[in-house]
Structures are given as C-alpha cells and as structure tokens.
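The following pair of complexes shares a single chain, subunit A, combined with subunit B in the former and subunit C in the latter.
Right after this comes the complex of A and B.
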C-alpha cells in the first residue's frame, strides 16, 4: 500500500511536470512574441517592452526561459494578471472557496439523488418507479446545463418567487446552481448505479442470501449495494474533480464568482498568467481525486490489494 | 437671480444717494453685496457691488438756432443777407451719473446638495438602498498607470473617484462642483495654473486631497511603461507640478483646446485623482487594490466579477447622494439579468434590446432610460494601410511602409493597392458590393428589436446631425446589384475570406455580424468565421498586422472632437490607415479651437472614408437601462459610454 502510494505520488508529480511543459509551450506557440500574452494592449514604449523581455529571458534559450517560468510556478508565482494587475495565484485562491462550496452542493445533490433513484430503479425493475428513474436519466443527460439553469430561474425565481436568481449568499442561493450542475451527473450516476445493482442482484450470492431469508433492506444496502459500489465510486470521484473544474456554465448563469468564471474571463482577456494558474490547478485536482478514488477502492472492496 | 427684497434695498440706497447729491455732495460710494440664493444644482455666487457717482462726458445731438450770413443774388446783384436757421449739432456736457460697478465676484465653492426638502430649506440625509446590474464588475486598480482594462471610468461612474473638473446640473464644467476651484491659462499658452478646493477628503481616512495627489495621478498615468487606457489620448500632456499643497501647474506638450474634456467627466478614459499618500506608503502595486477616491460614495466591499457595495459620503463637497447605499452586481447572462430585474433583486439593469419590450410588459411601473449615444456596429475592411513613409509603431521606431497586413492580392480582394488606381477601384467595387449585400434595416429590427438607428458614420455623424451628408450612408440594400459589382470586379463566383467576429464583448454584437455573414453568403461569398474571444486576436490588432474582415464597434457622437485614434494602425486601430494628408486633417483637431472647423475637418475625413467605403455600419444600437418601480429618480448625465452613471442622483422609495 505504501509503495503504491509513493508510486502514485511520483506519477502525479510527473504528470504535473508534463502539464507545465504543455502550458509553457502554449505561451510560445504560434511564433508570436510571448510578451503579447503578458502585457496589456495599451503598453507603450520600447523600454517597458524590452524590460519585460529581459525579465522573461527571451534573449536566452527556450529551456532557460522554461526554467525561469517554472521557478516562479514552483514558488506559486505565475506572474501578474494582465487584467487585474495582481498575482495570478492570489486570484485563484480568492475564487477557490466559491467553487468548492458549489462543488460540494452539486456533489451532494448528485449523490443524494442519483444513488437512491438508481437503487430504486434497479430494485423495482419494470415498474413505474423504474420507468420514472430512467426517464429522469434520459432527461438529465439530454438537457444542456445553461438551458436548465435558465429554466430553473424562470420557474423557481420569476414565476414562483421561491428562490433567488443567483449569486452567492445564504443556503437558498445554493439550490438552483447545485441542481444545474448536479442534474446531468445525477442522471449519469443513476444509470450507473442501476446497471451495477442489476448486475449484482443477478449474482448467485444474492440469490443465496435471499434463500437464507435475509431481509430486503439488508439485502439491498449491505450485500448488493456495497458490491455494486465500485463503478459509481470511480464515477463519483471523478465527478468531484469535474465539479471543481467544470462549473463554468452554472457559474456564468448564476453569477457565481468561482474558478470557472475566472478561467473563462482569463481566456476572454487572454490573461495568460491566470490561465496557466487555473490550468495547473485543474490538473492537480484531477491527479488528487483519482488518487483518492484509487485508495477508496481498497476500503470499499477488501479483495483489492495494492502492491 | 437677485431676490426681490434686495432689489428694494438697492432702490432705497439709490434714492438716498440721489438725495445726498442734491444736498451738494460731489461723490458717494455705496457698497452693496448681492448674494445669489443657492438652489439645488446651482452655484453660490457672492458679488460685491459698488454704486458710485462719476462724472461723465455726455454727448447729445441738439437743435441750435444760429444766425448766418449768406450771399444771395437779388435782382442780379449779390448781396449779403442775415438769416436765422435751425441746425442739429452735437453738444458735449459733463454730467454726474450714478454707476453700479461689480468690483468683486467670488465663486463660493461649497457643496451642492441635491438631496433637499421640497422647499429647499433643509438637507436630507441619504436614505435607502438600491441594486444595479452591470455586465461587468471591473477589478479595483486604483493606480492609473496600472489600469489598462478600459473600463476604469466605472470608478467615477459609481461615485468612487473624481476628476479635477466636474460638470454641473446644466452639464457645464463648473468650478463650484470641481476639485480645481480656479485655474488660469497662461497668456502664451502651454501652461495652466490651478488651485485646489480645500477640505476634500480621501475615503477611509487617507487624508485631505492636495495638489500633490493631482500631480501624482496625471504624471503616473503618463509615465514610461504606463498601461493607462487613455494614454494615447494624452499626447498633448507634458506634466503636472504641485507648487504647494493647494496649487499646481499643468504643462502642455502641444496646444489642445479640448484639454478641459480630458480633465473632467465630460469624457471618459482620463486619469482620476488617486492618493499619493497611498502610493508612497504601499507602493504602486500595493496601493492599486485599495479602492479609495474622493467621490460621493465610499467602497465598502469590492469583489471583481461579483459585486461592489458602496456607501454615501454625507459630507461630500460636490453632492449629497440621495441613497445611503447601493450595490453593483455583475450579471452578464441576458436572461438571468432580466429575471433578476423582474424579481426585484436588481433595481436598474441594462436589459438587452430584444428583451426590453417583454420586460416592460411584465413589470408594471418600470421605465426605460437610454444611456449614451448609439453604438455603431461596424465591419472593418481590414488591411487598407495606405499611410506611406515612416510609420508609427509601438516598439519599432524605424518601421516603414508597407505594414505586414497590407496585402492587396487575390486572397484579400477588399484591400486596395494605393499605387494602382485601377486596383483601388476594383477593391472599392468589392467593398461596395459587400456593403450593398447587407440590409441594415433588417439587422436593426431583428437583432436589436428596433432600438437604435440603421446606421451612423465612422466619425460619429448621425443622420440627425445638421452636418450629415447623404453620401455617408451605406449603399442601399441591393443584393443583385452587389452580385453585378462583384462580377465587374472579377469575382462573379464570389470568394472565400476569413472573418473575425469576437465573442464575449458586450459592446460588439457578433449576432449582427453573423446576420451580415449570412447576407454575404446570399450573394455567393464564403466567410470563414472565427468567433473566438476578442483577446485571442489581440496581438494582431497592432502595428498593421491584421488583414481579415473584422467586426468592431464605435460609439457615435461627439462630432466636434479629435477622432484620429483608430485611423492609424498603431494601437486600437480600426482596420485601415489613411494617407498622411487625411491623418493630418484629423490631427489638426487636436489644436483647432473652432468647433465648426473641427466638425468640418471630421467631415472631410469622413468624406474620404465614405468615398472609399472603408467601413460598413451594420446598424447603430442604443443601450437601454430598465429602471424598476422602486426607483423614484435617476438623472444620468450625457455620456457617450453606455454604462450606469450618477448613482448620487438615484432616490429610492422607502
């Protein structure tokens, strides 16, 4: 287990290192002067232009330039945001809590809706519950998030006047964005849980347990669900990663000041330092969540051994 | 206005004076002080008037009887006859007259409270809260040299900062409401000496504003390497110097009769007054994110891309805000913005044109406030860089004609070869055909729901202007004529071209551009559209690198101003570069003091632009803010930038 952990950590570091090369290469791609990506369009004067070139080491080999940039990145210095004139990493730190909060809300919605409905659908195969669950799955996976978000606003905010239209605030502010982000994934989780449950409930050990007179609740939640948990667990772990990195649309529709909007704004403004910081953060999140999921396998299924 | 009772006092004094004169006094001086009563939005002026008796030569024409000797011929003989005649003659006499002389006029620059009770006798404290939606909450960068986003005028618009000069309620620059409470232009020009209103405070205890703050702010904006957005419009500015805490001097590099606009809220993109003390204590970078100014609203919280909370400064020098607090929230998604307005979460919101009628119908009591001039959506036939000789360049002082994007070849048939008249005409036919293929009326009605006008000219002229010429209008919609012209130019089968319609810019409608693209397809052209972010094409915008059809916009209006920026491919250029003689005409407006001549100069440049059809207006949309029923008053002043402004005039229903 320890060796596995160390190996995975090394893989993670290598992956992050590779992603820094990729990000750096982007700033030098296209044969354009990279200073354009670090300076405002209003910059004037040759002196400032030359000064930045010197700072970035543009008169030196590409490897040295990468080294200079990587040195800053390791220290958490991605450069100064072109748009905001502040340290790019500071901006990421400021926006991260909002995204984490929304991700947690969305994850809870996904898990609390997807798993019970998946189990219910599987255990009630062929009934109205099953059809309802499958219809939800179909709708959930076919509805674009931006459209769903707008519809939720129109129905629950404008028509029913029950919930705010957006922005951060009290608990009521989390409901519509969390549903918007979590709807698609809840539908996916439902389908995954349903199929996993159906596969497990067809197993001989379930038939045996049922023959022994094990109660339905114990049968479902202790025997069937635990054994059906590995595929949804993988999915759910990656979901958390995607929530942390992919709430862009919901953040836009609901004016949620998180990492997603920061990344989009950085792209719109060609703000390379912020783009680089968010890209590396997203990579780190995926590396970390996939590691955690791998470790959880062993806890959920004792048959899995890491060596 | 002189009050009636002062008139009677004055009359009584004059009668007294006349009585004393009749008693043999030779000269009497009566000093009268006339105070103009302050009304909301008006200036307090104190005039010291002396009534004096002076001796004056008075010339009158009088009829005088004179005796003259004339020679007459009587019975063939000449005889002298004495006759009496009446003649008119000027007669000069010395008389004593009463004269009133204004010996001193003092502008008392005290606060101009807007929030008054109905009878104007009592000032009302700010009260209430309102929320404004904006498409963007800009970052707080409160040091001019670091602020390059282009929306820094939001700091003023939201009441946080001030310019040295401000307009009064009549929209005239007025020392009574300005930080410069007096100024003198040196007789030989080139220098302005100014004094600072005492007692103006920076927010959050950063002390009293001094001349050093003003000098620092402008010098900082113009420093080497500054990214201040309005820097390119400040080429006339040399430096500012503080003489002491309360006065200073501003030096010109070259004459600029319009300097007052660059120092006031009559325009945008000019330096605001920042705190030098803040800079000294925290450095340029450290001071940038401390959101302070001298405006009527103080920042209580600022979250970029999210919200700003502001609170009224009750003891402000130029205005007493009506609302105690207000909040600016960023909502860029049009339907979410409409929803927030309908639910009352926001009270003032820039609703998209195609949602206005629907919103108005759904929210009784709401009103529509048009802000700024129309915003002309413009296609640039990029690449016609016709300026010869040494070229302006951002970083290369030796740049020469031609620009990299000047490619008058078969792949860019809209780019004319300035050295080949025949090629120029052929390229003109292509541009004209592309213009004839576009139906501005349809774009206006379908994309902007009728809010705006079909077109305006590049130099800011609108058909409603007296100076408008019909030949500045784009050619009438005629797709068949367009096809014929293309055939004449040698492109009967059309051609393929790259077009950039930037996404994500609220002032640029890529939807309108897509409509034009479809109309081009209808005549056989094949635009390959890049709908990427505006910034993704940023590095091609400068120094004449770009040569693709581009969608952009220009704020219309202000036809009497210098509008050279954009006509030379240096910084924020607009796709073409005019020959030297036209850039010179344009540049003359930087020093031309006659408004009529400035308009005429701009018209001459527009003649050239229209003659060669360098730009294609798609339509000129208006920007409209919807105002909710909770808002009782809001008086945004005229401003060409279509953004929320003048929060201090907003009063809220309690």
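Right after this comes the complex of A and C.
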C-alpha cells in the first residue's frame, strides 16, 4: 500500500511536469513574439518590453527559457495578468472559492440523484421507475451542458421568473448551474450504479442472504449496494473529466466568477500567465482526485491490495 | 397445427400475428434511433434540396421571426429566423453536414489511432507499455476544451485543426480498453502458434489480434460518437469550432444567447437537433453494446 502510494505520487508529479512542458510549448507556438502573451507593449512601454525579454531569457536557448519560466511556476509565480495587471496566482486564488462552491453543489446533485435513482432503477427492473431512471440517464448524457443551461434559464428565469439567470449569490443562485454540471455526471453514475446493482443481485451471496431471510432493506443496502459501489469508483476518473468540463461550460453560461470562466477569458484575451495558472490547476485537480479515488477504491474493496 | 399452437400459444390467440410481430420488432431492434438518424442523414446528403432558404444569407427585416405556429410567425420560416434574418431550419439542415462529417472523420481517425496504440501497448509490454499508458493518463488529465481554445487562437480557426485535435484526444478511451483486451488475447495459444511459425509482429497484430478486438472497437465507437458530437458543439459554442459562415449547431445556440427574453427559438432548435442526434446515437450504442459485447456493460 505504501509503495503503491509513493509510486502514484511520483506518477502524479511526472504528469504535472509533462503538463508544464506542454503549457510552455503553447506559449512558444505559432511563431509569434512570446512576449505578446505576457505584456501589452503599448501599455507598458518599450523599456519594460525589452526588460521582459531579458527576464524571460528570449536571447537564450528554449530549454533555458523553460527553466526560467518553470522556476517561477514552482514558486507559484506565473507572472502578471495582461488584462488585470495583477499577479495571476492572486486572481486564481480569488476565483477559486466560487468554483469550489459550484463543484460542491453539482457533486451533491450528482450523488444524491445518481446513486438512489440507480439503485431504484435496478431494484424495480422493468417497472415505470426503471424506465424513468433510464430516461433521465439517457437524456442527461445526450444534452450538451451549454444548451441545458440556456434552456433552464429560459424556463425558470425568463418564463417562470423563479430563479436568477446567473452570477453568484444566495442559495437560489446555485440551483441552475448545479443541475447544468450535475445532470451529465448523475446520468453516468446512475448507469454505472444500475448495472453494478444488477450484476451484484445476480450473485450467489445475495441469493444466500435472501434464503437466510435477510430483510429487503438490509439486503439492498448492506449486502448488494456496498459491492455495487466498486465499478462506479473505477470509472470515477472518466466522470471527473466531464465534471470539470461541465464546470467550465456552466461558469461560462451562468457568468459564474470562477476558475473556468477565468480560464476561458484568459485564453480569449491571450493572457498567458492566467491561462497557464488555470490549466495547471485543472490538471492538478484531476491528478489529486484520481489519487483519492484509488485510495477509496482500496477502502471500499478490501480484496484489493496494492503492491 | 397442434405443435405450432404448443410453441406459440400467444401468437395464435392474439388476432393478428403481424401486429404482435411488429411490437416485438420495435422492442428488439432500435427502430426509432435508426429512423431519427436516417432523417438526419438525408438532411446531410440532400441539404441543398431540403432547405428552403440559403443558410448563410438573410434579410434584416426578417430577423427574429418566430416559428410558423407562433403569433407573428410565417410559413416562410418553419422554425423561425435568427438575428440576421436567416432561416433556422435551413441552417439546422446544413449544420447536420458539419456535425455528421466531423463525427465520422474523427471517429474513424480516433478508432484507428487508438486501436493501434492499444495493440502496440498491450503487445509490446514493458517500457513501451508503461510509456504509452502514461501518455494516455496525460491526455485524460489535460483539460481538452482549454487546450483546444488555446491552439485555435494561436493557429487560427480551421476545420483541419479541430478535427486533428478531436482525433488525438479520442485515442485515450480506445487505447486503454484495447490494451486490456490485447493483454488477454496475447496469452492465447493461437497467438503463440503464429509466433512460432515465424509471423512478423505486424502480421500478428493485424491478422491475429485485431480481429479479436474488432467487436470492442465497434462498440466503443458507437458509445463515443454521441460524446464526440457534444464536444464538437461545445467548441463551436465557444466560437472556436468550425469557422463561420458554415452553420454549426453549437454556434447557432451561442448566437441566440443574448435573445433569450425575446427570441428563445434561436437557441432552442439547434440544441434540439444536437439532443436528438446524440440521443439516437447513444441509444444505438447501448443496443450495440448489449448485442455484441455485453462484457463492456460493466465498464462503460
């Protein structure tokens, strides 16, 4: 277990390192003056422009330039935002809480709907509940998040005037964006839980428990459900990817002042320091979460012993 | 006669055998999704014949005309007109071409590349396998939408760039699954026999392992296609997809974003087209998986 953990940590670091090379390459792609992505010459003036070139080591080989840039990144210094004229990391830190809150809301929507509906759908196979659950899943996986968000705005904000169209605020501001992010992942989770439950209830130990006279509720939640959690966890990584993409899209649609929106505006404005910081943050979140998932996996399924 | 009754008691009791058969046919075969996809395929192939208006030019006086059945709508614009007075129905019809063509090319490119990656990784094992799987991890961890945004802004929007990006980033799902299957297949005796009889690596991969994973490839393709159409629409929604004036569904949704109060139909109908296409593909994908590779049920 310990060895596995260390190995995974090293993988994670190597992956992040590869990611920095990739992001650096993006700043040097396209044959432009890389300074354009760090500073506006018209605003800062010729002198600062030349100084920046020296600082970035533009007269030296690419490897050295990368080293200089990475040295800053490791210390959390991504440079100054071109658009906001402020430290990029500070901007990210400011926007992070909004994204975390939205992520919690969407995660709750995903888990609170995906798991119970998946169990219900599997346990009442072939009934109306099953069809309703599967329709919910199929619909969720087929709707592009941006369109879902816009439709929710049209229905609940424009027509019914019940909920706000966007921006941060009280609890009512969280409902529509959370559904927008969460429906797709809830759908995926539902399908995984449903098929895992069906698989587990087919197994002999369930038949045995039933023959022994175990009550229905205990049977479903204690015997079947615990074992049905394993396959969904294996694919949590896949769901996580779409979860992050969904967050970016929902923040864009609902003008949510979080990391996703910051990232998109940074890219569109050619604001490299902010862009690099947000991209690396997204990759780190992914790496860290998959590590946690692997650990959870070992806890849920004691048969798994990493070596 | 008596034996026939014994075999199919239900069939003889219900008055029309043909109607019972029809019900079973609809239940066992994906009739509805195929019908929906057939309609979209016809849209794509015969777009110039079907669309009543030019998809890229409109008259400003016609702008934001509601759909035909609403007040103020006219039969001239079945699903209404957008902010530039262009017919939404015609643009959806032409947009089908974009979505289906991109999805088709990317799917084939992704399947070929991803399968090759998986076969090589699984067959070679050792360091090569380790390296390729770390590359797959890297692709999964990289926020695709942001990378695509950056590259489109650096190199300028183009169809080729979008397609290449989508292909490369669809390798991971194929690669990982096919690698797993290859690991199982390569322990089979017929593979060892081929090796002993002197078959080249290429021949083993192509003639002996590829047929074994082919079913899985087809199933993953059918499960991926919906996702692919959605990803393409996200890019065009953000304004970095297939460059205008080519009508793309995602872009059409984005164009109606600022008119949700007054002209909801501009965003609504293109999104509905995406929903129907993806829904049909997903339905078909599930059906194919259950029919051809039920083992994948647990996994995807």
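By definition in this document, the second predicted complex is superposed on the first by the 287 of 307 C-alpha atoms of A that agree within 3 Å, B and C clash if a C-alpha of one lies under 4 Å from a C-alpha of the other, contacts with A are read in each partner's own complex, and residues count from 1 in each chain.
The rule we apply is simple: a residue touches a chain if its C-beta (ideal position, glycine included) is under 8 Å from a C-beta of that chain, and two chains touch if they have at least 3 such contacts.
Keep in mind it's a predicted model, so treat the numbers as computed, not measured.
Overlap between subunit B and subunit C is detected when the two structures are superposed via subunit A.
Once the two complexes are overlaid on the shared chain, A:67 sits clear of subunit B and of subunit C alike.
By the touch criterion defined above, A:19 reaches subunit C but does not reach subunit B.
Of the two partner chains placed around the shared chain by superposition, subunit B is the only one that A:48 touches, whereas subunit C remains out of contact. Shared-chain residue A:57: touches no atom of subunit B or subunit C.
Looking at the shared chain after the overlay, A:270 reaches both subunit B and subunit C.
In the superposition on chain A, A:150 makes contact with both subunit B and subunit C. After overlaying the two complexes on the shared chain, residue contacts for A:241 are found with subunit C alone; subunit B is out of touch.
Shared contact residues of subunit A with subunit B and subunit C: 32, 150, 153-154, 158, 252, 267-268, 270.
In the complex of the two chains, the subunit A residues touching subunit C come out as 11, 14-15, 18-19, 22, 26, 29-30, 32, 138-139, 141-147, 150-151, 153-154, 158, 195-196, 199, 231, 234-235, 237, 241, 244-245, 248-249, 252, 263-264, 267-268, 270, 275, 278-279, 282-283, 286-287, 290.
Of all residues in subunit C, those touching subunit A in their complex are 134, 137-138, 140-147, 149-151, 153-155, 226, 230, 233-234, 237-238, 250, 253-254, 256-257, 260-261, 264, 267-268, 271, 274-275, 278-279, 282-283, 286, 297-300.
On subunit A, the positions that touch subunit B within their shared complex are 32-33, 36-37, 39-49, 51, 82-86, 149-150, 153-154, 157-158, 161, 164-168, 252-255, 257, 261-262, 265, 267-271. Subunit B contributes residues 139, 141, 146-150, 224-229, 231-232, 285, 288-289, 303-307, 329-333, 335-336, 339-340, 342-343, 345, 394-395, 397, 504, 533-536, 538-539, 541-542, 571-572 to its touches with subunit A in the complex.
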